[in-house]
Amino acid sequence: MQLEETLKKRRKEKDILLMTHLVLGYPSFEVNRRIIRQMVDNGVDCIEMQIPFSEPMADGPVILKANQDSLAAGTTVAACLEFGREMAASYDIPFLFMTYYNIVFKYGEERFLEAAKAAGITGLIIPDLPPEMGGEFMTMARDREIAPILIIAPTSTDERMAELNGWADGFIYCAARRGVTGKKSEFGSEFYEYLARCRRATSLPLAVGFGIQNRDDVAALIGRADMAVIGSRTIRLVDEEGPEAVGPFIASLR
Amino acid sequence: GFFGHWGGAYIPEVLHQTFRQLQEEYDKARQDPSFWQEYTALMANYSCRPTPLTYAANLSRHFGGAQIYIKREDLNHTGAHKANNVMGQGLLVQRMGKKRVIAETGAGQHGMATATMAAKFGFACTIYMGEVDVRRQRPNVFWMEKMGATVVPVKDGSRTLKDAINEAFRDWVTNLDDTHYVFGTACGPAPFPEMVSWFQSIIGREAARQIVEQHGRLPARVYACVGGGSNAMGVFQGFLNDDVELVGVEAGGHGLDSGLHAARLCGRDASPGVAQGYKTMFLQNDDGQMLETHSVAAGLDYVGVSPILSDLADKKRVRFESATDSEVIAALDLTMRLEGIIPALESSHAFVQAFKEASDLPNNAAIIINMSGRGDKDIFTIAHAFDDPSWKEFIIARADEYRK
Amino acid sequence: GFFGHWGGAYIPEVLHQTFRQLQEEYDKARQDPSFWQEYTALMANYSCRPTPLTYAANLSRHFGGAQIYIKREDLNHTGAHKANNVMGQGLLVQRMGKKRVIAETGAGQHGMATATMAAKFGFACTIYMGEVDVRRQRPNVFWMEKMGATVVPVKDGSRTLKDAINEAFRDWVTNLDDTHYVFGTACGPAPFPEMVSWFQSIIGREAARQIVEQHGRLPARVYACVGGGSNAMGVFQGFLNDDVELVGVEAGGHGLDSGLHAARLCGRDASPGVAQGYKTMFLQNDDGQMLETHSVAAGLDYVGVSPILSDLADKKRVRFESATDSEVIAALDLTMRLEGIIPALESSHAFVQAFKEASDLPNNAAIIINMSGRGDKDIFTIAHAFDDPSWKEFIIARADEYRK
Amino acid sequence: MQLEETLKKRRKEKDILLMTHLVLGYPSFEVNRRIIRQMVDNGVDCIEMQIPFSEPMADGPVILKANQDSLAAGTTVAACLEFGREMAASYDIPFLFMTYYNIVFKYGEERFLEAAKAAGITGLIIPDLPPEMGGEFMTMARDREIAPILIIAPTSTDERMAELNGWADGFIYCAARRGVTGKKSEFGSEFYEYLARCRRATSLPLAVGFGIQNRDDVAALIGRADMAVIGSRTIRLVDEEGPEAVGPFIASLR
């Protein structure tokens, strides 16, 4: 309940929350540090830190490349956990880990949860772990007050949404459309209808990411979702303009 | 979708409904006897099934032990057992009303087979292939394109098979309404391992009937190479409930201690993991990152293995061995000279192990080697492996013509 | 040994006894029902016979006329109808107690088939191949050598098929006691035209039964390409006594008026002659000197033609047409895209003519195209004919590796 | 009977006769003329002139190449006939044509025989025309006093030899061994036994060619055959040492 409460409390103060994403070790932990500082300083409400994996099947080309470059630079799971601990201790916002299930599985489910807990991590996003495969793990996470954050897709039926909600905690991540990360979606009635279905399915906060570029995109979500997710846009920004561009970008969104 | 500890469907939520539909369609097909009839009729008319079980008199005499029989999947249309799987999935796609298929390919044979199936069924077709493999396997790319498929070179990761699989999944989650992902082997999320194995079981059903007709009784052993494991699953299923020893042969590459191999079930370098949508033994490091693999046979050069085979390994129902690159070339050489048959480099792995063991068996015993495909498509690799000087001269002369 | 005006055995005296023995052995085989049984059993076990008669639904729909059926000789072991002939002759060689076989080859497919048969039967094997063809068809040479055959490049004359035939005869007259010359097509001195046709008749026997099973009645027309004529004779024999129009398609090369073709029976450039041991229509000049021929398909690029076909042409039992190189490439392209089938360049000639005529026939009529072989062995020629830039880059890159 | 009588008459004066061979138009008709003059001047008894053919299946590499080069230089059948006429008119020894059947067939059997007759040619050797295929033609030739010269091979049975003898005229050409022209055979009891079989089979003169190199080779045939045939040896000699080497070589043989 820790993460859900934190977000709901913050939400009372803002029309919409912002969650940002980064790939750990890309381009380096040092740059990660500078980016996170700017994110926090500019009012980000929650940060999703991706532990890189060699086979990120649900990610698009930008995040895929970041995963590979990070691994090529020698990033380890242990270093990611330590970095997460450092961040959670430094800033007063929720930090989440996002990764693929094999990282958790290979580390050991229980051992991973203990390490994440010790690091002060409050939620986990594992896109290739549906509740059919990870129900027990999700229970173990909740028992440790680490929120298992589940993803709902436009293809999910109402029944499926309810089922997912039954396992989820912290918030619900609404995938805005089919496809992998990093592509722009279209607004429109179909999309709003989908968000309305999500809203009916859960009392948890709703996070939505769809390739947000600017303030207008964020504004379009107000009243329809609780949190806008900035994904691969930050990575591209850092690649193209350097880490110092992140702060102004975040500041411009809301 | 689990086999012992292995298998499952570790898939993004966006694919949930798609897999449900696939599972339902597959379940319906399995329960509908007319489906299997339609499938076997299609394979008989389009792909020369049943393929023969060729008695290898000369090899048998050479080794002086068991009678050696070769199941001839090389005689399928497109030259390999891959045809069985794609045509079966083609029928399912037709039933689901989808209009586009995608596939990954390593050596190019599954891509060839899928492009062929797509042409036959009138589907649009995109094939994902690691950029390295595109370069290695240009002839296959040429044919796929000629059959109307779009071949997309994948430039991520190691730019080989596993990366092509990831990329195909990315396509699928984007285009799931009209698109079916024709998975190429008995791996991936459920129901693929079981479904692909089911289509491939046509091999074992035929072989079991044929060996009894020709040899009078069941074989002592059955050998198959194991990459993803579909040809092995195909032939093994004909004998799972019988007193027949089943032997899977993995790619030993430069040797199990070299780090340059693709042995998941018989080496010491693999460990349990979850990737590409399923749980099995993977070649990965301590952090769970996948390792690069090596084999002279592109089709065996893969980090994972069928979860059904991992389970059969646990249960000791299948024995796993490995063959090194150099053993493979020697076995290929012998088979060509003595029988006039050219096994694919992949299939040659099974021949290696059979040759190691044939002379230990009595004359009245039979063994079956599953020849998963033909080797003449591997001319660029095999001529290279034999270091044939005339071949090199030929290629250089051709290039000189093209440079003009 | 004559068929109307054509055929005979114009052979040096030194071969007289050898041909007598061959004729006797052949006569015995024809009269011995167990021989044909042994032959069909061998072909079933080693070469996947009967080959299917594939219904080409998409091509049929595309042309909107006759129902198109494809006889799949490409699915034979070694990829072409050539297997039928060599395995049959292999059985005869075994009966004659000879230990060595020789053969000529143009495109390399008959050489491949003979080398394969020799490996299977344990015969020594020498293949004669024009030096030009050795250079063009290096992959086939590679495989023949790997199967234990010696490939001798013939440097005389035009250094192509007819010169390889002459050279094989020279070997034979020198080594006739232990050696059999495995003639590759339904030409040459008697009994070769009849004997090769007999072995190839397995195609027509199967096709006649299959079309009735699948279509309900005999086809309106049967199409086959004609080089030497063995695949055409093979399929035609299933329908000679029926009301079925038989169409032989020769190599039109750059056109019948270009001088660059190999049309003996449908053009105006051929005249009666006697060479290579038999009388038929030859492409020759007024003095009787043989002309150079041209076709994109090496297997059709030959000066003579089966004397049995010359006779059937005289009797108007077979209609002869021609297909140009560019028509052939277009038909190949269409067949790949619509059916996922890759006919050899030779076979594609038959497809051309069938495609020209299919739409003129009613929907309830069937036509059969004999697909004599598969085209993937022609990758070097076909990729070249399509002028594929990626292929050229691939070859150049390979060559650069070899130059290092 | 003309050729047989001529040879038998000459044979009464010599232990053994010599027949030589050349390919018309190789290297040129002019060189052919000089070679024939030397042959006649040095006591050759009979000359075999080969009309080139594109597919000389019974010839070995030396004669094969001579055929091809001659054709490449533009040699026609008409020119060969005319050259034959010129030679037969110039010298008082028998001249024969050797060629493959297609040359005759394409020219027209009767027309060819008439032309050969008119040219003064007394015999024809056609290695790819066995009596089964050419019986009628052989009769037509004999009717015009052109001898059809048949070849007997070591593989011919006694019965077959008798049959061939029934069609033959002029002389019998005994192929000394299997194989094509231009290879050296071995003497020996098997070979002599074969010649004895030939002798028993016919009353016609026996000609034998087996790669004769020198006087010893010719001498070995005395008493066993009537005529020694010098085949490709002359062509090689001309190729290597020029036409003027032919005379001394012929003179050295007997």
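To keep things simple, chains are lettered A, B, C and D as they appear, and every chain counts its residues starting from 1.
We adopt the following convention: contacts are C-beta pairs under 8 Å (C-beta built on N, C-alpha and C of every residue); 3 or more make two chains touch, one makes a residue touch a chain.
Each chain and its UniProt protein: A, D = Tryptophan synthase alpha chain.
Note that the coordinates shown come from a computational prediction; the quantities given were computed from them, not determined experimentally.
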Gap in Å, rounded to a whole number, between the CA centres of chain D and chain A: 98
Chain centre separation (chain B, chain D; CA means) in Å: 66
At what distance in angstrom does the C-alpha mean of chain D lie from that of chain C? 38
Can you give the whole-Å distance between the Cα centres of chain B and chain C? 33
If each chain is a dot and touching chains are joined, what shape do you get: line, ring, star, complete or other? line
Touching pairs of chains, which are they? A-B, B-C, C-D
Quick check: in the complex, which residue numbers of chain A touch chain B? 53-58, 60-61, 64-65, 68, 71, 76-77, 100-103, 105-107, 127-130, 132-133, 150-157, 160, 164, 175, 178-180, 183
Sites on chain B touched by chain C in the complex: 44-48, 51-55, 58, 72, 75, 77, 79, 115-120, 122, 135, 138-139, 141-143, 146-148, 214, 333, 336-342, 376-377, 379-380, 383, 386, 388, 390-392, 394-400, 402-403
Residue set of chain B touching chain A in the complex reads 8-18, 156-157, 162, 165-166, 169-170, 173-176, 271-277, 279, 282, 284, 286-290
